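Report on the structure given below.
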Amino acid sequence: MSANVVIGDILLAIGAFFYFLGGLGILRMPDVYNRLQAGTKATTLGTFSTVLGVGIAKPEFLLKTLIIIAFVALTNPVGSSVLARASYLSGIKPCDCTKVDEYKGGGEE
Amino acid sequence: MIVLFFTLIGIGVILAFIRVIIGPTSPDRVAALDTMNVMLTGLIVVLAYVFNRSIYLDIALVYALLSFLETIVISRYLEGRK
Amino acid sequence: MRRLYAILVAAGLIYMLFVFLGTLPLYGKVDLSNRVSAHFLAKDVNSVDVKKWVEGDKQVPSREKIYGRKGFEDESANVVTSIVVNYRSFDTLGEVTVLFASAVGIGLVLGGMKRMGYGRKPNFILRVSTGILLPLIIMFGIYIFVHGHLTPGGGFPGGTVIAAAVLLLYLSNEEFVANMKTSKSLEGSMGSLYVIFGLAGLATGGAFLFNFLPNGVVGSLFSAGVVPLVYMTIGLKVGSELSGVVAEIHEEREG
Amino acid sequence: MSVFITSLVIWLLLTNFSYSELLAGVIVSIFVALIFRKYHAIRFDWKFLVRFAYYTVVYLPVFIVEMVKANLDVAARVLNPKLPLNPGFVQVKTQLKGDAAKLFLANSITLTPGTLSMDAKGEKLFIHWIDVKTIEDKEKYISKRFERILKGVFE
């Protein structure tokens, strides 16, 4: 057990825990937008942590794990933004606790 | 240690999958599916680490690309026409 | 002039095919033990154990002496690639033909002149991020089919990833129209290049796509003989074909 | 030119370094840069690279701290049995001009505590906020931290 393997294992454990939180958030939140919030944040940090953990524990994987991290960091927020806009435009009502709505009509005057 | 990772990720995937099944509307299902796909990408990377095969990382990248494309295509469909 | 040239090339190809078809053995009469080298049957493609020969009688025999005749397979890093390209490559020609036929059919049914639009303007975030993601996706697709002999990839997955990039452009950009002329000519030239490689193998080694190049060291980029070239042609062909299918789905006729 | 450099860097990250890989990467990058030049949103010169390298050092720690805070926030909300939620859709004005700058701002907003950017139009960003504190002066809570840094990078 060298030092980098220990660091990698710790990062992997943190990432797995955030994955678990993402699943729980997806299940418990009341409407689509809140679900997307929980799911996107938790899985993005979970992927960062997990993949970086693998890259640190195995230095020969490091370059390719960096590419995976860059790809997920670019695509995951974009995907959730597009999905949030699509669900708003397709007429999904946000939950009753929503206070403010300044996005009426899809932002088109 | 490895068993712990797989247990946590597996529970997360199962929770997301419950939402895929019960989700009241289709954006709910797609959101849960997107979350599940990112989790599975991480899972493939962990598998590459466990089996010590660098070629699995390519598969993880292809999976991430295809899941992103799936989310975009379904969103563009759901937006509908004006 | 161009038509004459095309007819001449086609006649030459058909002539070569008929001439060399006569030299092939009948179905079921091939002496496979003569073709498959021993270390391939032992699933030992990677490692060459010449050490014990050196210790035995102080001389290193050539590869062909150890393992019998030079293999039909071209020293690619995984066995599946050897099987797909070296043993089943004639089937790949059939698959590519089927794909071409389906692309032509979709073009006949759906093709048109005008770009079909979606109801809504694309999201700003999606439009900008596609421009940044595009080099990553295209380079990854090319990486897959150039390294087809080293990784579990090959022509078909690489071409599909490139077509995915084109689909992403269509989804995120209202004005984007693929350049069909370039795509069609690329597809046609790559398809004929594939057949020419196969016929060159037929001319030199007596089998379709026989390896006529040196093998090189396993694991480096320029190795495995004819496999990277074949995968490059298949990858570009499949990529342009699927892009053509995506483009034709997004078109509509006037009126 | 910038597309060529980006493609070459990606190629070298994907492959293990050797001279034949470098040669193949240069050839492939030239073709990709020629064909897909029109559709790339990436344009930079060497001055931008220097600024980018400088600000990455400043930006990444802020970003990672914010992301960990965001996740702890989400975790607290999820694990709390009463689910304290106060969501709403708000719009935020930004001073950033470039497309890429606005994209990075939107992505940063998505990954930081309690906010999810949905769309951008002109200088307005539309955001789903999980805990609406105030309707006026929203920028202080949502976008000010990143806007300063990203202005340094892109302008």
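We call the chains A, B, C and D, going by the order they appear; numbering starts again at 1 in every chain.
As a working rule, a residue touches a chain if its C-beta (ideal position, glycine included) is under 8 Å from a C-beta of that chain, and two chains touch if they have at least 3 such contacts.
All of these numbers come straight from a predicted model, not from anything done at the bench.
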By Cα centroids, which chain is closest to the centre of the whole protein? B
By raw count of C-beta pairs in contact, what's the busiest chain pair here? A-B
For chain C paired with chain D, centre-to-centre distance based on mean C-alpha positions, whole Å: 37
Give, as an integer number of Å, the spacing between the C-alpha centres of chain D and chain B. 22
Separation of mean Cα positions, chain B and chain A [Å, integer]: 10
In chain B, residues with contacts to at least two other chains: 58, 61, 65, 72, 76, 79-80
In chain C, residues with contacts to at least two other chains: 120, 123, 125-126, 129, 132, 136, 140
Going by the touch rule set out above, which residues of chain A reach two or more other chains? 21, 24, 36, 40, 44, 64, 67, 71, 74-75, 78, 80-82, 85, 89, 106
Touching pairs here come out as A-B, A-C, A-D, B-C, C-D
Which stretch or stretches of chain A touch chain C in the complex? 67, 70-71, 74-75, 78, 81-82, 85, 89, 106
Contact set on chain A toward chain B in their complex: 9, 12-13, 15-17, 19-24, 26-27, 32, 35-36, 39-40, 43-44, 46-47, 50-51, 54, 57-58, 60-61, 64-65, 67-68, 71-72, 75-76, 78-80, 82-83, 85-87, 89-90, 92
Interfacial residue positions of chain D with respect to chain C in the complex: 3, 6-7, 10-11, 14-15, 18, 20-21, 24, 28-29, 32, 36, 39-42, 99-100, 102-103, 106-107, 117, 119-121
Flag every residue of chain C that touches chain B in the complex, lowest number first. 118-120, 122, 126, 137, 140, 144, 151-153, 157, 161, 164, 167-168, 171-172
Chain D-touching residues of chain C, taken from the complex the two chains share: 123-125, 128-132, 134-136, 138-140, 142-143, 146-147, 169, 173, 176, 220-222
